[in-house]
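Labels for the chains are A, B and C, by order of writing; each one numbers its residues from 1.
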Amino acid sequence: MSETRQDWHAVAGMSDLPAGTARAVTLLGEDIALWRGESGSAQAWRNQCPHRGMRLSFGQVRGDRLSCRYHGWQFDTAAQCKFMPAHRKISPPASVCVPSYGCRESGGLIWIRLAGDGDGFEDTAAAGDTQADALFCKSIFVDGSLETLADRLVGAYFPPASRALEAMPGAGFEGEVLDHGRGADESHAVVAWRRRGREPEEAFSTSYHGMRPARSVIRVVAKTEDEPPEALMLALQAMTERRTGVHLATQSSGNDETDRQRRLYFGRWARRLRWFLEHPEAPFDGFRPWT
Amino acid sequence: MSKDLEPAALDQWYVIESSEDLRSDQPRRTRLLGRPILGERSASGTVTIEERTEEGETLRKLPCLERYGYVWTTLGAPVKPLFDMPEFEEDGRRLVVCGVLTVRTSPGRIVENFLDLSHFPFVHTDILGAEPMTEVTPYKAKLDESSGELWVTECGFYQPQAMAASSGAAQVDYLYRVPQPYAAVLYKSSPGKAGAFDLIGIFPQPLEETLCDVHCFMLVYDDVSSYEGMLQWQQGIFLQDRIILENQRPARLPLDPKAELPSRADTSAIQYRRWLKNLGVEFGVA
Amino acid sequence: MIRLYDFVLSGSCYKVRLFLSLLGQDYETVPVGFYPAKEHKKPDFLQLNPLGQLPVLRDGDLVLRDAQAILVYLASKYDPSGSWYPDDAAARGRVAMWLSFAGGELMTASAARLHDVLNYPFDVASLREQARQAFVVLDDHLAEQELRDCPWVAGPEPTVADIACFPYVALSNDGGIARDEYPAIERWLARVMVLPGFIDMPGILTPWSGEAAEEPAA
């Protein structure tokens, strides 16, 4: 697996980790407890209580502490044990803590890195121009390595969000590719396309960034003549060598109702994409592979 | 045949089935310490147990005992006879055989959980414990040199419903006996007979290092509860533990004292791990 | 008095126990020796249910089998609000659709659990795969339901369809099926677990109630 433990990887949508909940995520084969206190930011820890090895993702979030399901040991957001219920009057020694990972929230997604401290996030492909107004849509999970999926995703036909409302009733995938090209450094590619049956002046160009060096983040920017550019981000999570997560975020319109429609639209698009990725032999309407 | 096993694992007695469920029309094809086993009862009632190859050919006949409602065997040469449980001779007790429940973990994790007091309020909430009554008072855990058994004594815990027959919360006295590494029996104040103890025992049958069939019994003074009521009470308790046991990492029991951090309430676990290490147990430990 | 023929570890029996509790309805249980005695496959029980399955509910002269059927009956008879089994053609159709899913596709998760816990001789890899496919369908559906302000399985309010779907999803870990990939399912489980009158069963991990003060004495 080429993805390194020092890189930042998306592991979930921010809104898929509500306050007061804990869940398990797998990254590069590592079992991770991801949780969020009632008031705080996301935490990513080794999924193993230091006491008896119980997976902490099964724990209860109590306020801003995570309480292990087995014996109720409570850990604060610094991953420090603060309370051992079997010894109510004893303050746990500082040595009782859980190894934690760097964890950031950006672009609608939660990002982790397994090695190194929490710095350096701003320099990565994960931190981009969709941060402030990002809208997480859906995560899908499919069999296959990140490498395989990234190869197939680059060149996929990504519909622009502004067309979401219009395209809702139908499949929204009826486009045709007019032209495509690849940047010299392979860091981005451009596809020009139009909706089938429409006039050429309605053509869009869609560019893909981040193919190299961080193949785990694919950023798609759709441009038209008269509308501002729109971005869509697909962040790939190498769970194991045989299983990969794809987290899809777009940008917020600033309007709740429109955002709701966008999430519905891209949620459905993600489901089609998942089917396509599960069926590599099948032709996919709306997917144009690079040649 | 699988890898060579150490005497500490081979030379124990293991339950492979309850006497009741090993019927002439129902042989038990199972595994023990990673090896295929067949247990059969003839029409006349005689039990035979054999170790087989993976292809199902007989390798050898194994020793066989029927006691305490169970069929026992061993793959090695135990230095001691099967441990004695005189309580089975006492009048007025009822035996509940809880059936085989499978758990994906090591036998050591299962026994250690059985000896554990401080999980009661969190795993068996409102039955064997309840917050905020979580304090574990000091107790003793000691290897009895003459018998070679581990005993955990002077335990007490506040329990909302200590047994099926309990009518309300009570401070309950406990003691535990671990007659061999992979078998354990607990004694707790009986709600059915003042001053007496009810027994609950577990006999993990390690199929593989991290996969066990667990045989569990209760031997109680209880004239109130139905057999099914008592059985299902215990099965419910077991399934509360099971989701914990299957989600401990690693599944093998770590014997290195620095691998996991115990507290004083874990005295029994500390002694248990030390004992396994001194005995040279390798099967199912890390 | 309503009488439920019950087994403590059965998720199907738990559907009925849970719903009776949510309704605040009194009942008595008859524990049936499902395991290891297999009493449900013996003549006395087969007289009650020739299919040899739990649960069975007796209410007066009425004897019903099948958890989904029992939920529909209990809602129709004992829920004066009518919200658990809504009296509207489309809503009822949706409820029936998901009741069928609960008694059909989701039972693969139950079978995987029977294999893992009680050693039933099933092809567990296939069962888990089928269960995961069903979970994906449910997770996709619930994610869309949330976006429509309709966060329950069959509509804007909880119905018997939620109760029928809940147990074997919530118990999936017992059968070796993790739920890490189903965040919308996890949120829905959490919503069910805070319904007034909710009760759990062994193998279901409930969220913190937020009650007892857990601070150590200073």
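A few points about this structure:
One rule holds in what follows: a residue touches a chain if its C-beta (ideal position, glycine included) is under 8 Å from a C-beta of that chain, and two chains touch if they have at least 3 such contacts.
This is a predicted model, so every value here is computed, not measured.
Summarising the inter-chain layout, the chain whose CA centre lies farthest from the centre of subunit B is A. Of all chains displayed, C has the C-alpha centre closest to the centre of the whole protein C-alpha set.
Separating the centre of subunit A from that of subunit C, both taken as means of CA atoms, is a distance of 32 Å.
Subunit A and subunit B, compared by their mean Cα positions, are separated by 45 Å.
Multi-chain contact residues of subunit C (touching two or more other chains): 205, 214. Multi-chain contact residues of subunit B (touching two or more other chains): 131-132, 243, 247. Multi-chain contact residues of subunit A (touching two or more other chains): 58, 69, 72, 85, 88. Considering their complex, residues 7-9, 31-33, 35-36, 116-119, 173-174, 176, 201-203, 205, 212-214 of subunit C touch subunit B.
Those residues of subunit C that touch subunit A in the shared complex are 140, 143-144, 147-148, 178, 180-181, 183-184, 186-187, 190, 205, 207-208, 210, 214-217. Note for the complex: subunit B touches subunit A at residues 116-119, 121-123, 131-132, 134-136, 243-244, 247-250, 254, 260-265. Interface of subunit A with subunit B (complex): residues 31, 47-48, 50-55, 58, 68-72, 84-88, 95-96.
Those residues of subunit B lying in contact with subunit C across their complex are 18, 21, 97-102, 104, 131-132, 213, 226-229, 231-233, 235-240, 242-243, 246-247.
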